[in-house]
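Heads up, there are several structures right after this.
Both of the next two complexes hold chain A, though its partner changes from chain B to chain C.
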Partner chain A sequence: MSNNCLVASIQIDLTSDVLEQFRNDLLTELQARQARGVILDLSGVEVMDLTDFENIRSTISMAQLMGASAVVCGLRPGLVASLILLGADTEELLAARDLDTAFEVLHARAPGATERNGGSLASDHHP
Partner chain B sequence: MAASHPIIIHDERSLAAAVLEATRVAQSAGLSRVAVQQLATVTSELGRNILKYAVRGRIQLEAIERKGRKGVRVVASDKGPGIQEVERAMADHYSTGGTLGLGLSGTKRMMDEFTVMSEPGKGTRVEVVKWQ
Partner chain C sequence: MADNSMSSHGTKMNTAEEACSLFRLTDSDLAALKRLGERVVPKMDAFVEQFYVWLKTLPEYEVYFPDEAMVQHVKSLQRDYWVEVFEGVVDQSYVDRRATVGETHARIGLPLGIYFSAMNYAVTLFSVDLYDGNLNADDYAAAVIALNKVASMDTALVVDTYARISNEAAAAQSKAIMEMSTPVTQIWEGILLLPLVGLIDSKRAQDIMDASLAKIADTQARIFILDISGVGVVDTAVANYLIKVTKATRLMGCQSTISGVSPAIAQTMTELGIDVGNVRTTANMRDALSLALQAQGVAAPRVGD
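Then we have the complex of A and B:
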């Protein structure tokens, strides 16, 4: 069925290789599962600079262009403070504090996305 | 306080090593968790600028102490093209190739002390301090 949501989690330090692999995996899975929603769990990310942020933001735009609503969750306090003080453009991002809340946010946005069995994608591979 | 050896920044791997070392030094200096992440992010931004504009440079991390207060100093230096107009480069949204404008002014906002010295054609040196 097409009514599902993909949970993607990044649990290792960000490099452009990691982010590129993550993007490829995510977009491929989105299409394969015909997912209508994606939750990016970034709770395992310690440091994100502007370049990493822009990279993730374009991945989110790509997911949206494939018809999926996207929510980021689990951003750590220091990471959030850094991004905002660095001037990162976060206005169009949907965010939630944890996975449960992310599902709620997604459900409010795209009710169909949170029904039925979803899939998950963990980016813990090393480049 | 002993300074750690400078880390030569020449690729993403060496940048990651500098970020990790920044985290370690900041933790041992007793910075709060948020401050540790900010210092690590700043180190990453400074290293990115080196890679983007100078291709090669160095980052030196040092635990410091002044009047009984602990802190961490990060010095990022390179012999790259330098910044033509530092004032303009510091302005938000100014950049000659990416995120430098945002990065530098944001770095200043996050740190307690910030100094940038640059001479066109000679290189750039950015020094920041975050106190406990």
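Then we have the complex of A and C:
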């Protein structure tokens, strides 16, 4: 991804260790590359409890504190239904169906985030 | 699903052996039955006539036997059935034919009470009215016991099938009702519409949630219109269900609009202090549709043009 925006993808089951590591990588990367936008691709996540969700949400808040807009994308229908039933607070969260729409959402939010300057790379968390 | 639930709760009578063992039907029973058969099978025509004389006295007779051709057809089936019983052979095809009888009865909706009393009357006819007294007392007693066992077994086989078919029909019906209650439809590229009618309870709210999210994932929709003009009562619980649905669709990247908020609903919601958050609401579906089309970049025709 060569826009001024980080794409981080989580493709394994969530544990607090994974999320901790992910948060550190993401924020470090964000500063190093001076990215203006972050897209969290969660399409590979099959189960998520409220703690995991809160963890991701606070990671997003941190990214926002560092001046970036963040969008989550690819959440599965079953996962969404269970999060809502568990009473997850989703008010401030930006979400998109897939990567393409996530870029559109980011662009609408912070046009600078999707300008091409070749500065950023994807950070992938694969097994 | 219906099949699984049936086979798990139904009695084990899938094969001839299982059916016989359930009713303790032995070879000596079948032999006794055959001996009685030698006495009564020659009188089978008399049996059928007498049986139908009784059947005609039932008020339901007219409903299930509308014409003479039908009566003749059923009479011959009846005859064949009892001849078969007195042959004293219970094999797989025998069991399968009883299942067919059960299917037929379920299809025409014959009340089970009539079926039970008919079986009972037939047994009485064979063991008392038509019996000529030419068996020794032991053989006769054995034959009557055997006849009762067979009649009960056949009844059980028929009722088992009857119940299975009725349950299947009920399951299909409730599935149809569920689908009808959540008709999520794509009305334009990227726009989904769900018109809700009737009462919303927690079960239905869950169905709505599942159907909507599945459809959003399928169609990649960006806008979801939830029309509640047909919902009779919107109380705190219903409003919370609806808000949950809109939150969930947002997580899927799909913006929800609740349309059809009538004056009554608006008043109740405000009086109950329900906070819809940043969910967009409109008074009628037309406005919601117009907003949705604009958002999708379609020039919505102005009403009245």
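What we mean here is this: the second predicted complex is superposed on the first by the 113 of 127 C-alpha atoms of A that agree within 3 Å, B and C clash if a C-alpha of one lies under 4 Å from a C-alpha of the other, contacts with A are read in each partner's own complex, and residues count from 1 in each chain.
Simple rule for what comes next: contacts are C-beta pairs under 8 Å (C-beta built on N, C-alpha and C of every residue); 3 or more make two chains touch, one makes a residue touch a chain.
Keep in mind that this is a model prediction, so the values were computed, not measured.
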Which superposed partner A:Ala108 touches (first chain B, second chain C, both, neither): neither
Contacts of A:Ala32 with chain B and chain C, given as first, second, both or neither: neither
Which superposed partner A:Leu75 touches (first chain B, second chain C, both, neither): second
Which superposed partner A:Ala95 touches (first chain B, second chain C, both, neither): second
Contacts of A:Leu86 with chain B and chain C, given as first, second, both or neither: first
Interface residues of chain A shared between complexes with chain B and chain C: 76-78, 81, 83, 85
Partner chain A, residues of chain B touching it in the complex: 12-13, 16, 19-20, 23, 33-38, 40-42, 44-45, 48, 92-93, 98-99, 102-103, 105-107, 109-110
Interfacial residue positions of chain A with respect to chain C in the complex: 72-73, 75-78, 80-81, 83-85, 90-91, 93, 95-98, 101-102, 105
Residues of chain A defined as touching chain B within the complex: 13, 15-17, 46-52, 54, 76-79, 81-83, 85-88
Residues of chain C that touch chain A when the two form their complex: 209-210, 213-214, 216-217, 220, 222, 244, 247-248, 250-254, 277-278
